[in-house]
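Per-chain residue numbering starts at 1, and chain names A, B and C are given in the order in which the chains are listed.
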Amino acid sequence: MKRLRGWWLLAVLLAALPLIFPGNYYINVVGSSAGLFAILAVGLNLLMGYAGQISLGHAAFFGLGAYASAILTTRYGWNPWSALGAGLVLSGLVAYLIARPILGLKGHYLAMATLGFGIIVHIILVQTGGLTGGPDGIGEIPPLSIFGWAIDSDERWYGVIAVTLLLVVLLALNLMDSRTGRALRALHGAEVAAAMMGIDTAGAKTAVFVLAALTAGLAGSLFAHQQAFVSPDSFSFFVSIELVTMVVLGGMASTFGAILGAVLLTLLPELLVVFEDYEVLIFGAILMLIMIFLPQGIAGGLRDLWQSRRGLLGRKGGVGQDAA
Amino acid sequence: MLLEASGLTKSFGGVTAIADLDFLVPEGLVYAVIGPNGAGKTTLFNMLSGIYRPDEGRLTFAGQALIGQATHQIARLGLSRTFQNLQIFFNMSVLENVMVGCHARARTGLAGALLRLPRMRREEERIRQWAGEALDFCDLGGLKGRQASELPYGALKRLEIARALAARPRLLLMDEPAAGLNDTETLEMRGLIRRIRDQGITVLLVEHNMGLVMQVSDRILVLDYGSRLAEGTPAEVRANPQVIAAYLGGEVHYAVE
Amino acid sequence: MWDQILQFVLTGITLGSTYALVALGFAIIYNASDVVNLAQGEFVMLGAMSAIALTAGEGVPLVPAILVAVLVTMVVGLMLQRFAIAPARGITVVGTIIITIGASIFLRGLALLLWGKDIHALPHFSGESPIRLGNVTLLPQNLWVMGGTAVLVLAVHLFFNRTLLGKAILACSCNKAAAQLVGIDVGRMLLVAYGLSAMLGAMAGVLVTPITFTSYDAGIMLGLKGFSAAVLGGMGNPMGAVAGGLVLGLVESLAAGLISSGYKDAIAFVILLLVLFLRPSGLFGRASAERV
């Protein structure tokens, strides 16, 4: 199946890594982290890369999923899977409610509105101490289990996250290669023309926003059970920026690019551990450098390279340029 | 009458773009709208496609009121459009651009897309076929696999037309299709517009190239400062002294085939 | 009760003055280059921290320290324009926002490196003896903030309306191509705009830091709230931005005092969302029509 070539490669890679390097910290722990962020990045990429919208508050949905799972399992004794479902409903619902007003905005205003939303959610998480445990967060979150088999080791978490990632990627690939996917990409390409082709642009934006929120909520619930602990720090404005960076770095409108971005940015702190004091500085510098020199991201850069080698680089289209 | 407009008025701030305009477009014709820059032609198109809302007046398309409907709803009534400033989806391939044109003819929703049900795959095949037909009609069949960003300007103009045609519209609004085309390309465009009309599609054409307008139109509406200056067959409009004074500037002869 | 409210109002005006200067800086850069500079808050932080660093210990006396700090921040502003924004030609809106966020993080990292995580303050300019107006107390520094802001705002207003340089910058914001055609060096105008914004931010920082201490990450919230204030006042309207800043400061102070101080940071963003949803052109902005 030519269409799913990339997916199969990813599946083989994910399966092979723990087999080739069993018990490796980088694969199991860092890899799991990267996998979770990859899920987040793939979802955000649908919104930003394909549909051309902006969200600087995506960590909010990550947090809603995480806290839903945390609160319902620790305070109300819910079954983790039910709590996960509730987290999805919460993320989806909140996204649906704010989608129409927010996505009517464009450019700077859209960016800042999503940023404002993200910060408000973060502040609520910090302030509603009674419910959320405030800045100290919630601990002792019970583990997730599948048919009685508890997911309580790094290896098992790697497996769960890898499978979830593959599922999310499959859905994303299916979506993009469909009438709905084309409608979303048309939205990005030329919104007025998209409407003229019968596409309900407001509805489409809402739909992709909710989808991205759902993937983030899912990742959040998994995160809560994996860490067995949540605190507002994991869902701050800074995390939202990291998510956007992953999508941009990997290359927008590329699902695999988003995964690459997530992996690179998760590895970065590990590499920068040496330069601990410089970490913030370097991150800021990287952000600026990518956007200045490689605004299409790595995937976009590779695409351009490929096309120019085929001698076909004509008008510069794609995401690095505002289309009409 | 396919399209009826009465009393259309639209102002922006202090500027009146369209003033109390009436016209009727019968089905199956090539109906051109001409006038100097600023006469309100693109504003008219934007009102027809639901991008602007007229301040006053009525617009009826195939018996349905257009005013108050969103652009995508108007599109689903059977009205499609090309744009003065190319609105190509540069982030997609040539074929995909036209497949978007088929959006309103298809049904698969989110669930079908995510799960890739057999029905969805069959519909995708049909969409691909429809898109291919539209591309062939516009002489772009050989460029299906290319990225839209690779195409030269003339091909892009035709791509927009192919995309609009893929929707099988009853009325096609063409906003300056010959802009920026050289003589050969303009000749090809003339042929294309005629082929479109021969398919039974009504064409509403805004164009500055008077040669093209005179050769391809069945009726012409002349606008000046947002109002109707003249309306009739090309011969009638050419001979109208007011039109000559305002726009064509003296006696002009056009080769008519 | 009324005394309490008056007290909150005074705090609010002080706070609002800082927001006003930050918002003004936003508006100037946005007007000149269509860029939302999310590093604006870092100018405030850098101005304050540099001044503090210079006056520390047996260091430089206050006035020269302030001047140098402001100058240093202006240079940072110029470098931001020249090395981060200008090279990214033809980039999308998301792109410029991310660049300025990157710059803001970078500057924060720099401050962290140079001065660590501690909080600092400048000494009060003219002593700390409170001034009593009835039942309400005022610090001399409050007057410095309010007065300084008023002077700066007036100066900026005169600059844009009375000087050739100021008008040239306005010309660039209206129509870059036309400005170039009449011989205006757009590149230089952009530099002036960024330098000016940085100066305003640095002054805001220097004025207010004796009262509200500062640290390496004080810039983020300030920048974001300043942006909210600019939107509230009407994006692109400099005096509107000033008004927006004052309004925001007042609302925040009153809400924090009368309702709850935990959520006070949220206020700026709730206001932002409300403005964007209900009246995107803000209090004093002009609604613009787009040509298709």
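Please note the rule applied: contacts are C-beta pairs under 8 Å (C-beta built on N, C-alpha and C of every residue); 3 or more make two chains touch, one makes a residue touch a chain.
Model, not experiment: these values are computed from the prediction.
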Innermost chain by mean C-alpha position: A
Chain whose Cα centroid lies at the greatest distance from that of chain C: B
Centre-of-Cα separation between chain B and chain A, whole angstrom: 40
Separation of chain A from chain C, taking each centre as the mean of its C-alpha atoms, in whole Å: 32
Distance between chain centroids, defined by C-alpha means - chain B, chain C (Å): 49
Where chain B touches two or more other chains at once, by residue number: 51, 83
Residues within chain A bordering two or more other chains: 192, 319, 321
Junction residues of chain C - those touching two or more other chains: 292
Complex interface listing, chain B residues touching chain A: 49-51, 70-72, 75-76, 80-81, 83, 85-92, 96, 99-101, 103-104, 106, 108-110, 112-116, 120, 123-124, 127, 146-152, 160, 163-164, 167
Touch list for chain A against partner chain C, complex: 48, 54, 56, 101-102, 105, 107-109, 111-113, 115-117, 119-120, 123-124, 126-127, 192, 237, 241, 244-245, 248, 277-288, 291-292, 295, 319-322
List of chain A residues in touch with chain B within their complex: 171, 174-175, 178-183, 185-186, 188-190, 192-201, 207, 253, 307, 312-319, 321, 323-324
Touch list for chain C against partner chain A, complex: 36, 84, 87-88, 90-95, 97-99, 101-110, 112-113, 220, 224, 227-228, 231, 235, 262-263, 265-266, 269-270, 272-273, 276-277, 280, 292
